[in-house]
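This is the structure I want to talk about, given as structure tokens.
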């Protein structure tokens, strides 16, 4: 089966590196283009990149020349690890030029006609695509986004519960890894022996509005938010990878702890049913130990794609509380975006990008 | 003015070391006795102690011989840093033998007739003392306790708010320093690059019931708890000293953010009015930066006795949220206990222990 | 091909867990016995073990009952992760009872008739085995040991250089990970924001004498040490896994930097030639970046079995200096021991343990 | 006694903040000028500065307006925390304009006519000043520098030994704190759970040549280096403050360990004799525990100005080895520079800057 030629935008940064690492030997996609800002132009990927992952740089990519940003890139699908400020315009230009754009940036997440997608959570939101293309006058290209790295584990844990018991309110406190800030990101003097009770200007708002969009209903033109009151306290802790979130939750229907456990255990999301390459199985790893999940021990579950939950117990103020964790640069960023593309591929929504293996003439 | 002779029980441990360090050149107290378990008996304090504080061991204590636990200790007042399991019985024996016992252990905190005291919060709860002595048949000795190290900063921030606006509910998530577990305490393999979403079996319950006791009303025989719904998520983070707590709070009277800020700013607690030696002034340090308080930068405020609050903002679920921090082994343990003794000294409640400077004949 | 039934002694500890993890689906060995002290007796491996590895506990081992220490264990080969103090006697008893014992403990390393083995370094030292058995009256059983976790990376880097240029003197400073101390091991209060310039009483001596034994000559009865002057400064740093060693080296023949680089690059050790299952290829990863090797980025090279060297440059006092790194609990402990067993298996030296798959009747 | 008006160049950076903190209530100096690059111009010190020290920003400085770099600054003496690249030219301009310049930058350290000064080590090198002024045509101004933060503790430990026994060779491995790289400095992803065996391009050379200059002989026109072979391996470790150095040393005269201990114990350097305000007493703290000095426990000795040595023992390759530690931003940077100025003040070498308290008309 021919693979689709794909590229990574912002390939030299922290999330760009994750895309590169996760796309090695991918059954659907053939990574052929690494694009970055002018600073890297003409350099090999090895020379242009301060590689920060513990997995070594894929050998076949090291010698590839980094491409400048342009709509002449020789591929059909793009994974965007661009910084939010430049992502807005560039991603639109690429989509207009006929590329399928899977973005990890924040720029288009809350656009009415853009799906903010977790394949386990809201695959039906892809029904926004036709409207997006009509709305923007794009014939083949489109933009699909994935959410904030803290919203992801929280939403994963809430989804089966919201479907059955209707979540009304959530108070969440995150303890976020420094890799979430990219590289160089958080100065070590701020991280060592410290907690910073602040992540970024809009971080706490994102957890609120993105979670509500994902758990909301799409009518094919826009999404009606779920209407859950969500209060997020976001903190940075001296951890390399893995965001931990404590959550207190109130439900409309008052499930017992057993009901919640069962909802988690019996959840059968679509990517796992489809057997998508990066889909972890189970999607939710339920830890029964009193002191789990922990970033060091649980972030790599399901090759970094699983979400771990634990410490389910009653809440004295709302109804229940628990702890949830996911790897922020795999499930919470690049891996989530690749899974989005895998879902669309499995559903046949990328079929008209496949010819691109042989000849690429976007726009 | 003659000083009262004091001793430290459990002097070789982490909290015991803090007591020793804080009592150097104290204007009211003369530290003359360092007591510990049999293992240390007959050794000098230097030889018996694995000193873990960044401040050096006080020179005049280094050569002191560590005393075995016995009610023949040559002092009138005891600060107890005993482990909870042995504190229960030993503290009662010392009080029965005529010693004033200021305990940092959990054993007697919730006894009906024992004051669980933060001098800024509930100095009136000392009206339990006469009843305690009558109740237990103790003529001069007594036990006063200080609360859990996470309950302390939370209660400090809540007190002026509860007095004015009546707190109804609190959801708090702590990020607690490893020194809270004593020494050797948390293994480094569990701490480095990690978060443990668990502190101890009863930690979250303590935050609930101890805070409610301190904010409750004492009728001189017992305390009616404040009746606040408190849900605590307790976590261990790789920080040496300083507990951070995020809090979402619901009030009966709905104060504005300005009302809350003013309540904090105008709070005039008793220890500061009395000018007690260890009382920080202000008791609450209000940080206006978006990313404070932080353990590394704020734990030593007021020589480790101040409580720092910041990030006051509305809560989408309850009414407001904020972040609060205090040094867990100073304000949250030994320093808090010494301040309890200072309060009683300033109020004349320790006068009949003063003669002890010359001749000690407990009970 | 029938596999040899193997067991792990001290299976619940840190190194024992590594053995268990590395032996999953091993082509030569079938892990069937997990033995530990009485404390774990009768419990399942899951219940008896505080699992501290980032890789999850192998599912098929979790339910296995932990066996008490006895020479009735149902296997033919034992990997020993026993603490040194109990290893001495137990390992001898097992060898006397007919078991092949591959030990990670320090107890027998310097015994004259025991091979202290790194397969890449001194496979010929296995010629001590016949003498060991004759000497001790053991008919089939034997003991083979692997060296100290800091001696391993140092010796790996020195071996091809010593063979060609004769090493005369080494000054080495180690920065050792906390996992080297086992679990609970180093208290987090000692590790966070700190360096401890001390590892253990005999650590620095071990680096000296063990390296000299491995680089020495075996005459089949004992090993003549290499006679290299080795001075080791051993330090503990806040790193979970991966020991880093800086080394200054003086040679008899004065090689150029190019000579040294070539010696490393062209080194063809036996385990790589034999294609042993755990043998990394290359054995030495030569890093050319100015700031490598680093524990976080390089410890997992070759699945934790490769040794990384870098920063080769002249030394103003001796001849050259460089930095070397290896994963201390994989290459430096359990993995090294399994590789020892793989070497003997490949050389046919374990053939008379193979029948054990069906029926085990040691001694 | 009138104080000398002083300013800090580069006042908003990490070392600039240390200068500001150390100069509060200084008996000789009155800090009145905080100068920085254009970016900070016109802002208050509080607004211009991301304060990173654990000690709070001095209250009386917070409102001061940050001055632009110009030779019209209203003070007579300048402490320079400028980055090396801009320090070269600016420091010369200030000295030419009549300011006394005490620099922490590397730019002029190795200039023939500039004293590279540690008051305990080479106070006689101040005899270069007259030649410097004549040489450069400066009538009153001058430049005095302090050395690299790793060279400082090493040289402190070596000085009394070199004076008595003549040091011939040193192999040193540093484990340097992240604060040495300034702010933002080392990214936390590089620091957490990691060691970087590299500090900066010329770091290892600096330790060599600066130590040799300080231990050399000044003839009033230049310094003849000490001629010690020094090999430094420089590493970055996840520690906030405090550089640790392991050292192996060869001597011409072969002192016993007792001789060395006595040389350290009986060392009476000039700043301690003069009782300079920042001079720690003793200059060297000799730790006898097997596991000291440690950054967390020893960096603040002597208010961060003392150097701690320990682990004295024989070296198998050179003669002896030991461990030495100092606070890198206090003794190793700002504090060292202030001590240089204190020495010159006490020796009357700053007398003609004193009038500046009232009227300043440089150049």
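As written, the chains take the letters A, B, C and D, and residue 1 is the first residue of each chain.
We take it that a contact is a pair of C-beta atoms (placed from the backbone, for glycine too) under 8 Å apart; a residue touches a chain by one contact, two chains touch by 3 or more.
In this text the structure is predicted, and so the values were computed from the model without any measurement.
K.L.:
From the C-alpha centres, identify the chain that is farthest from subunit D.
P.N.:
Chain centre farthest from subunit D's centre: A.
K.L.:
Report which of C-D and B-C is connected by more C-beta pairs in contact.
P.N.:
C-D
K.L.:
What's the distance between the Cα centroids of subunit C and subunit D, rounded to whole Å?
P.N.:
That gives a centre separation of 44 Å.
K.L.:
Centroid of subunit B to centroid of subunit D, CA atoms only: how many Å?
P.N.:
Centre separation, subunit B to subunit D: 40 Å.
K.L.:
Any idea how many Å lie between the Cα centroids of subunit B and subunit C?
P.N.:
Their C-alpha centroids are separated by 48 Å.
K.L.:
Do you know which subunit C residues sit against two or more other chains?
P.N.:
Only 52, 190, 192-193, 238-240, 296-297 qualify.
K.L.:
Quick one: label the inter-chain contact graph as line, ring, star, complete or other.
P.N.:
Contact pattern: complete, every chain touching every other.
K.L.:
What residues of subunit A sit close enough to touch subunit D in their complex?
P.N.:
So the residues of subunit A touching subunit D come out as 14, 52, 178-179, 183-193, 238-240.
K.L.:
In the complex formed with subunit C, which residues of subunit D make contact?
P.N.:
By the definition above, subunit D touches subunit C via 169-171, 173, 175, 190, 192-198, 208, 229-231, 233, 235, 237-240, 244, 246, 248, 250, 290-297, 310-311, 315-318, 321, 323.
K.L.:
Taking the touch rule as given, give the residues of subunit A at its contact with subunit C in the complex, in rising order.
P.N.:
Contacts found on subunit A: 51-56, 192-193, 240, 296-297, 300-301.
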